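Here it is, the structure, as structure tokens.
As written, the chain order gives the labels A, B, C, D and E, with residue 1 at the start of each chain.
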Amino acid sequence: MPAYGLEIAVVCLGLLLLLMDAFREKGAKSAIAGLAVIGLLMVLVFLVFGTQETGVTYWGVYEWDNWAKFYKGIALASTILVILMSVDYAEVFKRYTNTDESQSGLGEHYILPIFACAGLMWMASARDLITIFVALETVTITFYVMVAFMRHNVGSLEAGVKYLILGALSTGFLVFGITWTFGVTGAFHLDAVGEGLSKIEGSSIPALFALVLLLVGLGFKIAAVPFHLWVPDVYQGAPAPVTAFLSVGSKAAGFIILLRVLEPFLQAEPTRDAALTLLAIMAAATLLFGNLAAIPQTNVKRLLAYSSISHAGFLLVAIAAPVEGNPDAWRTVTFYLGAYLAMTMLCFFILCLVRAHGGSDELIGFSGLSERNGLLAFGMLIGLASLAGLPLTAGFFGKFFVFNLALQSKLYWLLAIAILGAAAGFYYYFKVAKSMYWEKADEAVEFAPGQTIEISMVTRVTILVLIVATLFFGVVPGLLFSWF
Amino acid sequence: MLGVITLLSPLITAAIIALGLRRVPEAASKLSVLSAIVGFVCSLIMLIWSCNPVEPLVWATAGDFSLKIGLLSDDKLAQGMLFIVTFVGLLVHVFSLGYMKDDPGKARYYMGLSLFMFSMTGIVLADNFAMMFIFWELVGVSSYLLIGHWFMKDSAADAANKAFMVNRIGDFGFMAGILLLFAITGSLGFEEIRTAIENSPPAQGLLIVATLCIFCGAVGKSAQFPLHVWLPDAMEGPTPVSALIHAATMVAAGVYMMVRVIFLVEAAPMAGEIIAYIGGGTALLAALMATQQDDIKKVLAYSTLSQLGYMVMAVGLVAKHPGGDYAGHAAFFHLYTHAFFKALLFLGSGAIIYACHHEQNIWKMGGLFRRMPKVAITFAIGTAALMGFPFVTSGFWSKEIILAEAYGTPVLFWIGVGTASLTAFYMTRLFLIVFFGEPRTDHAAHAKDPGAVMTRPLMILAVPSLIAASGLVYKWFGIHPPHHADGHATFILGASIGALIFGVSLGFFLYKGKKKEPIGFALFRDKFYIDEIYIGMVRVCQDGVAYVAKALDQIVVDSLAVLGSARLARGVGNLFRFTQVGNLQGYAFLFGGGVLVAIILLFSFAR
Amino acid sequence: MEISLLHLIVLLPLVTAVMIMVGAPARQLAQGSSVLNAVFGVLLFSLFDRDDAGFQFVASLNVLESPGINFALGVDGLGVVLVLLSVIVMLCAVWQVPKRIEGSEKLYIVSILLIGGGAIGAFATTDLFFFYAFHELALIPTFLMIGIFGHGPDRTSIAWKITIYLGVGSLVLLAGLLWLYQASGVESFDMLTLIEAGKNIDAEAQKWIFLLLIIGFGTLVSLFPFHSWAAPAYAAAPTPVSMLHAGVLKKFGLYGLLRLAVPMLPEGFAAWENLILVLLLGNVIFIGFVTISQRYLDRLLGYSSVMHMGYAFLGMMALNEVGYNGVVLMLFAHGLSVALLFALCGQLRERVPTLEIRELGGVAKAAPFLAVFFGLGAFASIGLPGFANFASEVMIFLAAFKDGLGEDGGITPLQITCIIAVWGVVISAVYMLRAYRNIFQGEREPQEGLLDVAMDQRWPLVLLVAGLVAAGIFPNLILNLLP
Amino acid sequence: MLTLNHFLLASGLLFSIGLAGVLLRRNIIVIFMCLEMMLSAANLSLVAFSRFNLTEAGLPDYNAQVLVFFIVTVAAAEVAVGLAIIVALFKARETVHVNDLTSMKY
Amino acid sequence: MLLGGLGVVANRNPVSAAFCLVVAFVGLAALFISLNAYFIGIIQILVYAGAVMVLFLFIIMLLDVKAESKRKVNLFSVGGAFIVVALFVSQLGAVLGAGDFGKKEMPELAESQGSDVEAVGQLVFTDYVFHLQIVGVLLLVATVGVIALSKRDAPPRAAPE
């Protein structure tokens, strides 16, 4: 099966479900979710086993290499998890989408991620700036809708508007950047861009200008300081599953695109050093901001937002490391994102469940979780440990390779900052562990103090799978590498 | 081989008692006495027919370096000392059978005794510093255990702690000395060190330091000034223990060790001077203190101090007579005569105390001569020996030699003489008050001789106190008889006898038939306030410093460094956090600002 | 890959922990497995071939090709000693778990198993990554244990302090290890390969790598300026945790230095010698005085265990085999003795209202066993002959003078340091005996109904003392193992 | 004669004006308009570039114009969604004033 | 055109701002045409000046947003905004100065067969058909989203989170 069939399949799945949703008034909407999950799983299976050999390029713009394959995988997996999450989150949705307890609106919420997923997959193999722009916008616009989806929830709407305005702003810069890239190199295709850059004579300033504008647009996607400003508020306001999607799916896609776009700039002599230095500085700023600002947080969602900023920082360190043969940077970033998928999704999954069972996003909502449901507490613990980068979890290897790269390229100051950040990480991640295990359950807010949390079989299995994945790749990272 | 037996039998005994016989004190005591007998027999055999050497046992190895446990086989000094230890030890064991008859902790007591016998034997037989240090420490432990035998008494517990601490301070010096010698000569064995020093004399300064450090050990163990304070308190222990450990053997270990390494003193005369003066000073001070004590054991304790001072002085005097270890033998000679009569005196006092229902204040005794004659007579013999009653007592001869040694240096000589007369004085005082006059308490009134198990040892000890200086003994111990080659013999003789007569008569006139202390001399009674001074020093130098250290640790290291950095992180975090103003336009503004900064940076990097 | 005895020893606690998590009966299973593991440990110790200087029981399983990371196990003399120590202490820790626990017994026991198992793994692996990872295994359990089951009002802040402090330390350590790995220029995290390849790291790099390592490991060993986490944590932690932490985990840092820094970074040692000498004096003397002024027994024990680490560093700085062996022996001895003391301290805590030394007294009347064994522990820790601590201290002291005087015929800085450090022997005697005298001796009456140690909790203590005495009388049991 | 610079300057200025609007105006709808303006400004420079460096055929580079086409389309879609969100917001909050949207901060 | 843009920023009343925007867009279209990009010009007018602006006006009317009431303008932020924009412009100037675009005269166009509409259309349906598909999906999503967002229902509850 040719690679581009995957997106087609996904889109078709989306359309199918849309029709179903439209013409099938009664019946639980979760059926749609189920179908969506099954469908996407099938696509995932096809991705892994059914697709042709990598190394093909369609229409000169659709790249089908290992990276594309892996990032498509990330997109699919995160979408599946997000939909599963949404099922558990349905209660909350109902509360804020309709006044009556009907399920209208749920359908779209299960379906929109699918289209977003298609967009992400396109991004994964985008090879020229126009494709990048279009695919990116597809994802972005879908996200506008999904963020603001709980339309009776002020938080969600506010988040939606903030995301909309800042997103549009970044889009503006991105477009301007593309324009200038075209102006300097006279091409949209990245290879051509590379050639164009390599034979710049005279000042490299216009090229750098173009680069900055592109970085603005992409930095917004990956939440790099100083273009991170939307992250905390939007993460906090958006529905938890959407937040998860933002922080995994769109971040991963953003990174693959960043890598692809930067490649020509980093190979072209005139722009190389300046670009690397700028990236390093961005990385440092992101690390410091994300980690330090997370320390005083009391809202878990917001805390995870800052943590996602900080992880962007770590990833940027890897990108900023000018190791000969960028594959190292690619490998590191990709591995990190793979691990990041598992651990972040784990955390958000549990966040959703806690939220849906009368807790809240606030830290206090997690107090005594270990007594309300041991599995959830344990899962969260593993997730947090991995985010904090404790050994024997996948997250550790992410940081491990990043530090390694930084050392290899003699970026000692950056390494120092990274270590500082990681150290701060211990504090704010363990804060959650503290309230889960130390505090008593009866402090849990809202209704039913100390009531245990019942979770469905599917959820249980999913969580177990995520836990096992997090731990497994923490012990045997080799396997993950073998996939790209 | 015999040495091994002597060494191990008490250890095994101690182990057995500790593991099995805690509940059956009778068996424990019997076993312990048995082991003491074994030890004594072995040592006697070794003394008369010297024994065959044993292969040293490797204790700890590290690469090519190893610490060995080796027993001196054919060494007069060691054999003599061993004989003393086992002999007195045996008698004390026997004596204790009576003295500790109905003590609840009897088993523990005998365990301690056996442990002590083991460690003391170890010290005596040690052929290198490492091994000696091991047993040195062990002796300290057993002494700690025995002093603190009645650990439920605050005074006893404190005394035990004090003894241990002070000894530790001495051991610090000892260890340092060993280390320095090890660095200088590269070996730990006594013989090796001796040869090394003789073959390649090291830098004098370093050697002096090393010798003095080694001497520190002796100062601690043998309770020389300034570390003498623990010994009087150690009298809190059971009296037989005082006799064995704090009079006859352990306190003499320091002197023994110094004699063992006498070649160091010879090689570093400077150190010898200092040692000699410290010894002399101790002898005098202790004698002065002894004159005003009311506790019978305290008197004896201080006299022990001053006698030890004699010995140390003799050791130091070696420097005066380069060549030949004559003075070393003088010290050792006095050591071993002293062992007998001081053990005798202590056991005697033990008997008295026992008879007076654990009454120790001499002013509450009196008139005991008629009531307990056996003890009184033996005690008298001991006293005579201690005073150095001319010609018939062993003490006289040993003291003679030392005085002869000291003759070269007037200060020390006159100190020696003065101390001798002081000794005579306070012993007269003690004897008069305890044995004559009217009994001042009904305890004393009803006192009578204890059973044979306690009196026999006294009698046995009385014998060597008298004849210890006979030719046979010289032969055994390899000691040259006191020959006064030099012409001042008569002068020295006269001096010592004169001192004796002066002291005795003074004491006689002062204390004849007195019911209470006629002369109150606070300075002596309160031991020159040295204890108080030390307490003050500890307050300042230890607790004070400790307090300051704690404060520094908490304020600087903990609060400032650790918490400070944490606070800093949190503060910066808040700072960053407040850039998230929440206002859309604010974000847009910062966003634009970010873009600008990025552009400016990038342009500044551009070439 | 073949299964070796080491696999059993390393994996047994972890597997047990998982089983308990899944729902097996916590206490019985843990006790059983700890006994079994101790048996294995002793077996390993006896099977170890003393003539072979290399690594034994080697087994390896690749988990990452480049850079080569293997789940590789293997012990040399150093490793086998520490593994033995770990299994013994762990056995005692598990059996010292209090009878009734407020809160989840499951969590309690699982945490202990994880801490102990992590330690064992760290000592048994020959792969740099797993060496690091196994140690980190203890971080979260410690955090939870102190927070949930800890003692004292300020346990929360203490739990934070130890967690963050150790976290930071291990991150610095990670940087150092990575740098070491890159400087050695091999594509593998296998320690043996690294050590082989790492002989020729240039001096400048060595200097900075060593600094990172000494800070990182030093934090874990509570080297002087980085010690302030240790004592409060030991005081606040539940008894088994403080036994494991002070007894076993603390040794990890020194193990690392002996294993990596000593063979690979001689220049580093040279460059920072004086600094480290000063710091270790800080441990021995400064912390010693701090210890003297402690008013609570648990704090006192904590600080004393910090203090003794100074000797270990002293022995290491001698950089000769005497010092090396002395340090190893000290690790073993200190581990056992401090575990013993903390266990007894825990027993005491269950019996008396406060651990403030001044408020106690005469306990020996009511609890002779407790008194005797505490006395033995105290004697051991102040280094009296007959206990392994003494042998180790003597060897460490001698090591400093083993190589004779300095070139100028004077004594070297190391030797001066050593002589000053000997004073620490006096200091430790002061605080230990003072505390012992105040708590157990004297005329003060212990409060009513104070019982002696329960019979079934006695034998672990006996075991510890036996180990100490055995290694004290025959130090070569341990020393023979070392090259 | 007009050089490329003039066009770029014009588009740049328009872009900046849009930015200024985003930063200055308090009304979300107007802000949104300004964003549209920025997009079109980009378009201008695109077209200018395409006009000024011709292909071999001597024709403008129509790729750029295609991109413009897409940009316009995307912009339109964006406007639709954006306005929908704004309407929903207005329904919920009766405001389109940015300063009222500060329920989440720090 | 620029004046129109300024008007958008300057006008306090959204409606007139919108009209200014229309003006700006028309001017923009004119520029396009002057650059021989007739197709783009037309699109600009149709889509932007036409559809989009109508949509805007419609919404403005619907919500009948009053002119921004005079809230106290934070001088700091306004000044900051001006500074940012000014700096940005100067940066732009720098770029233009650095680049060699200044020398580029407008080249003569070759004689093209057919209008540029054909050319663009040609490209769009040949090379760029893939992108066109994506855009199609994008529009679909937008539609769905808008519908989902603006379902009518009972008045909202004030449930702040």
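In this text, a residue touches a chain if its C-beta (ideal position, glycine included) is under 8 Å from a C-beta of that chain, and two chains touch if they have at least 3 such contacts.
From a predicted model like this one, the values you see are computed outputs, not experimental measurements.
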Quickly list, by label, the chains bordering both chain A and chain C. B
Max contacts between which two chains? D-E
Return the distance between the CA-based centres of chain B and chain D, expressed in whole Å. 97
Could you tell me the distance, in whole angstrom, between the mean C-alpha positions of chain A and chain E? 29
Intercentroid distance (Cα basis), chain B paired with chain A, Å: 77
Multi-chain touching residues of chain A, meaning two or more other chains, are 130, 134, 137, 141, 144-145, 148, 151-152, 154-155, 161-162, 165, 169, 183, 203, 205, 209, 232-233, 237, 427
Can you tell me which residues of chain E touch two or more of the remaining chains? 77, 80-81, 84-85, 88, 91, 94, 101, 127-128, 131, 135, 138, 142, 145-146, 149, 156, 160
Where in chain C do residues touch two or more other chains at once? 164
Touching pairs of chains, which are they? A-B, A-C, A-D, A-E, B-C, B-D, B-E, D-E
In their shared complex, at which residues does chain A touch chain D? 129-130, 133-134, 137, 141, 144-145, 148, 151-152, 154-155, 157-162, 164-165, 168-169, 171-172, 175-176, 178-180, 182-183, 186, 188, 232-233, 236-237, 302
Listed in rising order, the residues of chain D that touch chain A in the complex are 8, 15, 18, 22, 28, 31-32, 35, 38-39, 41-42, 45-46, 49-50, 53, 61, 63-64, 66-67, 70-71, 74, 77-78, 81-82, 85-86, 88-89, 91-93, 101, 103-105
Show me the residue ranges of chain E that touch chain B in the complex, using the header's touch definition. 77, 80-81, 84-85, 87-88, 91, 94
Where on chain E is chain A touching in the complex? 91, 94-95, 98-101, 127-128, 130-131, 134-135, 137-138, 140-142, 144-149, 151, 153-161
Chain C contact footprint on chain B (complex, rising order): 58-65, 67, 130, 133-135, 137-138, 141, 148, 151-154, 157-158, 160-161, 164-165, 168-169, 171-172, 175-176, 179-180, 182-184, 186, 203, 206, 542-543, 545-550, 552-553, 557-558, 561-562, 566
